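Okay, so subunit A shows up in both of these, paired with subunit B first and subunit C after.
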Partner chain A sequence: MSAVAEATSVYLQEFRELGRDEPAWLSQRREAGIQAFEAVGFPHRRMEAWRNLKPGALTQQHFRAADAVGAVPMALAPTAALVPDAWRLVFVDGHLSAGHAVLDDLPEGLTVRPLRDAVVQDGAMPEAHLGRHAVLDNHPFAGLNSAFWADGALIDVAPGTVVDRPVVLVFLSSESAAHRASYPRVLVRAGEHAEIRIIQMHAGPDALPYLVCPVTEIIAEANSSVRLNHIQEEGAAAFHLGLVHAELARDARLHVHGLSDGGKLARTDIFVNLAGEGADARLDGLYLVGDGQYADYHTWVRHQAGHCSSQQLFKGVLSGKAESVFDGLIHVHKGAQKTDSRQQNRNLLLSPRALAHSNPRLEIYADDVKCAHGSTVGELDREALFYLRSRGIGENDARGLLTFAFANEMLQLIGVEALRDHVGQRLAAFMPGDATVKELL
Partner chain B sequence: MSANTDTINELTRKGYEYGFITDIEQESAPPGLNEDTIRFISAKKDEPDWMLEWRLEAYRQWLEMPTPAWAHVKYPAIDFQAISYYAAPKNQPKSLDEVDPKLLETYEKLGIPMHEREMLAGVAPEGRSNVAVDAVFDSVSVGTTYKDKLAEKGIIFCSMSEAVREHPELVKKYIGSVVPRGDNFFAALNSAVFSDGSFVYIPKGTRCPMELSTYFRMNAGHTGQFERTLIIAEEGAYVSYLEGCTAPMRDENQLHAAVVELVAHKDAEIKYSTVQNWYPGDENGKGGIFNFVTKRGLCEGANSKISWTQVETGSAITWKYPSCVLRGDNSVGEFYSVAVTRGHQQADTGTKMIHMGKNTRSTIISKGISAGHGQQSYRGLVRVLPAASGARNYSQCDSMLIGDQCGAHTFPYIDAQHPSAQIEHEATTSRISEDQLFYCMQRGIGPEEAVSLIVNGFCKDVFKTLPMEFAVEAQKLLEVTLEDSVG
Partner chain C sequence: MAMLEIRNLHAAVEGEEILKGINLTMNPGEVHAIMGPNGSGKSTLAKVLAGHEGYQVTAGQVIYEGRDLLELAPEERAREGLFLGFQYPVEIPGVANTYFLKAAVNAIRKHRGESEMDAMAFLKLIRERMKLVKMDEALFKRPVNEGFSGGEKKRNEIFQMAVLEPKLAILDETDSGLDIDALRTVSEGVNALRSPARSFLLITHYQRLLNYIQPDFVHVLVKGQIVKSGGKELAQELEQSGYALFEENAA
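Let's turn to the complex of A and B:
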């Protein structure tokens, strides 16, 4: 089998053909990205962090970067308008869809700009941070993003600014992106004492294979607070492979809430470096994996300074011939004393053909720490099912109710009502049971 | 601080009391590994042709394999051409009576009873109960006790070389059936050059009347020990098997790459206990044994049970995963482990439980203690295959850290492919709390004793599964090992 893209140089060749007119520092970082990809190539089973991912179809063709903005697909128009009371940038096929942008009355101290403009207008900030944090070595798709990103967003919150409305970034793929790739790039900096919530949404049409490799870098300075809702609802044939990387300074707080509910092959890596004392990170995730889908969350939480805390809670519901991976690392560096770190992963299998992998990992190099992780895999509680059925609720509805009960905890952590309703609908569509029961929820 | 250093040094040294070398005439193969080395070993053991072919095939597979690098351990690359693959005392005894007295003395020093007559006559030292011992010295077995008594019941307990000669049909049927030749890098190496080990066969419906035990001793320098153990329990049989090991103190790293295969047929039970106390290297991490071992048990028949218990206190590097393949319906796998790393020791150990049959159950209890510069990882896999309805697993791995230079890591892998499977994994990491220490000390218990008390409590779940004598030994070992490690 000679896969087209296994000869990695097709991407290198594409890169060479592009020839962009950009500042020198940016060209260098793009070059570093493509070199990182060239060095590793597509992941394979022998790479420990990628052992469960079968990239087969991904390597069979060359996904060229989409070169123009597409039209927002009709079906996705509501998605693009989700969370009405917010500032918004909409990207289609990796390029800005200018007509959808809502950036009126930005408060003083908040900069939201398409990244393409930002690298020219806000030279120093992107130069200092863009591509300086996300690790490319072990994530070939982040390397591709660094090399190819066409647009994205820069969000810069000045020190002391508390932003009361969320910033919504919508990344859509259109019909014209079939067999194409897009590389959304987001750079966020929250200055000292600043607060911001960002909603990052990925969606696309079903039945078309396309590739999306997003990279989000977050710099949270001292005592700032960053909340990110990361929602992945790609089309059923899509490949979504991306990462979120956050650097936390002293007393900074980060909350990432992820939903993975689409794509044929979807993986998001969340890297968090707790670099200053007293920093706190909370990572939550819900993955709903249907027949023929593969969903993967990898977390890498590194406690580099003492007195930091982190919490992770990831829940998965699998049906049909679904496959999921949760791989979570807690790494406590030497000297990071008084670390308090917890991690939980719960998986619910609704079908005998579903396969859940759960790899909670601890690496601890300091002795005065509290670290715990737990992991469970199982089906719905038979006793609970029986209880509901004995009260006249049909089996399917009972299963639906219990599935909802399992996943609802994650919904409650979303924090934005409009978004919670949206995710609730996605959950209702996914779970067993008929419409009347779902209306009750 | 410096005033303490001497005492600490002394204690660290004292910590390993089996580090002597037996001065005995030995013959060994010249260092190096090629097909001729394998032919030499095979010829030395007077093996049939099929065995030699099997070895050579394994060697050819090994040549193709890359050295694995995924484990969480750091060590210099091993030069496989610098190791001698065969070493044995020159005078090979025909029976137990002819064993070189120097060897008997060695085993006496190690506390291993080699005198069956004394014991039968009721003058057993220290009131030890009857244990049949197979003593392996470098590459050969120097004697097996109670063979005749066991043979009355139809039990075969002998060295592997003897089994290849006397019971070729059994060996041929089972060798490589649980750990195939090409299973992994070190298993392939072992399959090519394995020297001695124990062979146990328990016939149908027999309960082995005494504990069987093998004691491995590495003596010669520049050698590796590559033993192979095979235990077969026929339908309804039961056996409890113990394994112990020590080696002299040397500045070089020596390689120990063993393979252990267990087969439990219907209703059979095998209990396998290890107290591993290879030389761990000195306080600077110089020398010590590389213990890279493949151990796997197959619960072949319904209702069979395999239980692994290990106490790992020795070796510079330990890298092993005693595993259970639960093929029979209702079969049970257990893994109990206490691993201690101190000084510059590293351990990457754990287990694999592969659930294939219906209603299979497995339990994993792992306790890791890390002190000094020790680095310790628990790595485990629980896999539930699509046919394994009703599979149940409970895993708990706790780590204790003593000192701020050590590390404790946990890498459990859970792959569940059946909805009725119930899998739970829990892990915690902590250190001995000030409160616990204070409580003990205000009641007049010294700090070292207090640590030992707390650590023993921490390990109790595992120790209580060990056979009585072993449990006592393990507890003592833990005390010695942790002597200089107070917080």
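Let's turn to the complex of A and C:
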């Protein structure tokens, strides 16, 4: 089979074959999406922002968009029900699984709707925002998403509405998604003074290859607060390539907490535009990368107005022949005086064959700013290991304890207890030894 | 049977020989003190006995309760009753003292074929032993040694020893950097744990410790060798003459 990467038109062809009956504005945006993808095709080494990613098998076959909702795989039923006290939409293979939705008693001022319905029912809002923020040039998979998305969620929080329960969006792949693609799309707007937490979860079965390209756009209006827990635990053979894009108005606050713990090849780009004075963004991420996996976080934090602050803390744990990338941009515009921006990336290598790339990028065009960054790649501390072992703790358990200690800081930043416990279990499964994480937390 | 027999022990670090033929025999219940100038190899001896992988034994033997100690991994030595009080205890951010010590206690119990200690019994044991070393309960909830003062770290070492109840305790300069109150507390802790079945190897730089803990034997370690052994009066002698005399002899 010839490399599909060069013959990108299989996706264009697929696009042309889909006859969709949609509002004109939406058709235009889909068209822009496929054109953006066609312009660059799949990433290759000559694309600076994609040079570490080896798409490999991704380009060797055509992942056709899944065209129907699949069944929730049995093993993932608990994942679909994660965080019990919440409003919820569950999607399987990119399509709404209506029976799993929990949207009773939504408070006044909160709209949560499948995106497919929303583009009809809430016409003005999606027309004003959907695809208007995420930049497609840099991200071929965002282009594919714009062209192909079948469903997703619209979350609209009216000004002054403080939502006291999280909204959980679960995107699962099923066994019928083998060699198929899904393109989850999320649009969030928080009105002035509004507050909301969203949990976006991606998971799928282990044994089969599939492609997931999610795009989330967040518009945080003045003095609003948006928290997003973004969890990637796809199956072991999956490709997950997506982005989160947030626009922050004056005094808006954003906290994104990412977990990347799955997939054969996973990359999430987080774009944040601090567009209004006093906005604050906090990006946290933990990536657990096992043998043969590739995980990648790219952050693009752009200070466009003065007196904004941003903090980034990303930690990676790599075992076997794992590879990871953290690439973090802090861009400070000329007029963004009094910017306070920090970025930390720390990597723990549990194996000599693991490879962690850490690439902080600072582009600073204002003169009165504070920008600090740091990055480390290291192994477990030998003296600490010896100290634990000298007390009778076995070598594997000692390695596990120290791995836990390294990652624990990220768990404590998750902000939702049920989710923290879930991630704790994932961490326990990943780390050496059999320390009981329940007691550690 | 001797508790510990060190025979002609040679050890190197990064290719450089530090221990050059140590001989030492300790019986159950005995307290031995090892004194010596900085850099003479005291900590090297302690770490070799505890199984630190950074030190290579190039010759000699160590027999612990009739078994070859050097064959055992560090955790196996600990489970068999050996304890090292570190000269510089390690900080482990992110792991609470509680969890750490419980894991240690249960690893040792498992090795002995005993069941895991339940939470209530563990807490009771902890409270009791904390009193022994006058340790602040708040410290116990904190991450292992993180942000502890020098004195608090040393107290924590003695506290761990009191909980783990070793047969052979090697205390590497546990007295260094302690003010007199802390030194008294630490010494009282050690004295309370003295028993006919338990031996101590006290490594110290200062004779002062031996005013509080009476050793049965004193050894002088210079340049990787024991150059003189004697009773507790040897410590007084050292206090007056210093190590200079021995260093000349060893050279």
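Definition applied: the second predicted complex is superposed on the first by the 431 of 441 C-alpha atoms of A that agree within 3 Å, B and C clash if a C-alpha of one lies under 4 Å from a C-alpha of the other, contacts with A are read in each partner's own complex, and residues count from 1 in each chain.
We adopt the following convention: a residue touches a chain if its C-beta (ideal position, glycine included) is under 8 Å from a C-beta of that chain, and two chains touch if they have at least 3 such contacts.
The shown structure was predicted, so the numbers you read here are calculated from the model rather than taken from an experiment.
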*Please tell me, clash or fit, for subunit B and subunit C sharing subunit A in the overlay.*
fit
*With the two complexes superposed on chain A, say which partner A:Gly123 touches: subunit B (first), subunit C (second), both, or neither.*
neither
*So, does A:Ala366 touch the first partner subunit B, the second partner subunit C, both, or neither?*
first
*After lining up the shared chain so the two structures overlap, which partner does A:Asn347 touch, if you call subunit B first and subunit C second: first, second, both or neither?*
first
*First (subunit B), second (subunit C), both or neither: which does A:Glu48 touch?*
first
*Greater residue coverage of subunit A in the superposed arrangement, subunit B or subunit C*: B
_Quick one: is A:Ser358 in contact with subunit B, with subunit C, with both, or with neither? Answer first, second, both or neither._
first
*State whether A:Gly160 touches subunit B only (first), subunit C only (second), both chains, or neither.*
neither
*In the superposed arrangement, which partner chain does A:Gly56 touch: subunit B (first), subunit C (second), both, or neither?*
neither
*Give me, in Å and rounded to a whole number, the least C-alpha distance separating subunit B from subunit C in the superposition.*
12
*Which subunit A residues contact subunit B in one complex and subunit C in the other?*
none
*Which subunit C residues qualify as touching subunit A in the complex?*
50-54, 73-75, 77-79, 83-84, 86, 89-90, 92-96, 99-104, 107-108, 111, 143, 160, 164
*Mind pulling up the subunit B residues that touch subunit A in the complex?*
70, 72, 384, 386, 399, 401-431
_For the complex, give me every residue of subunit A touching subunit C._
381-384, 386-395, 397-398, 401-402, 404-406, 408-409, 435, 439-440
*Quick one: in the complex, what on subunit A touches subunit B?*
48, 334-335, 337, 347, 349-379
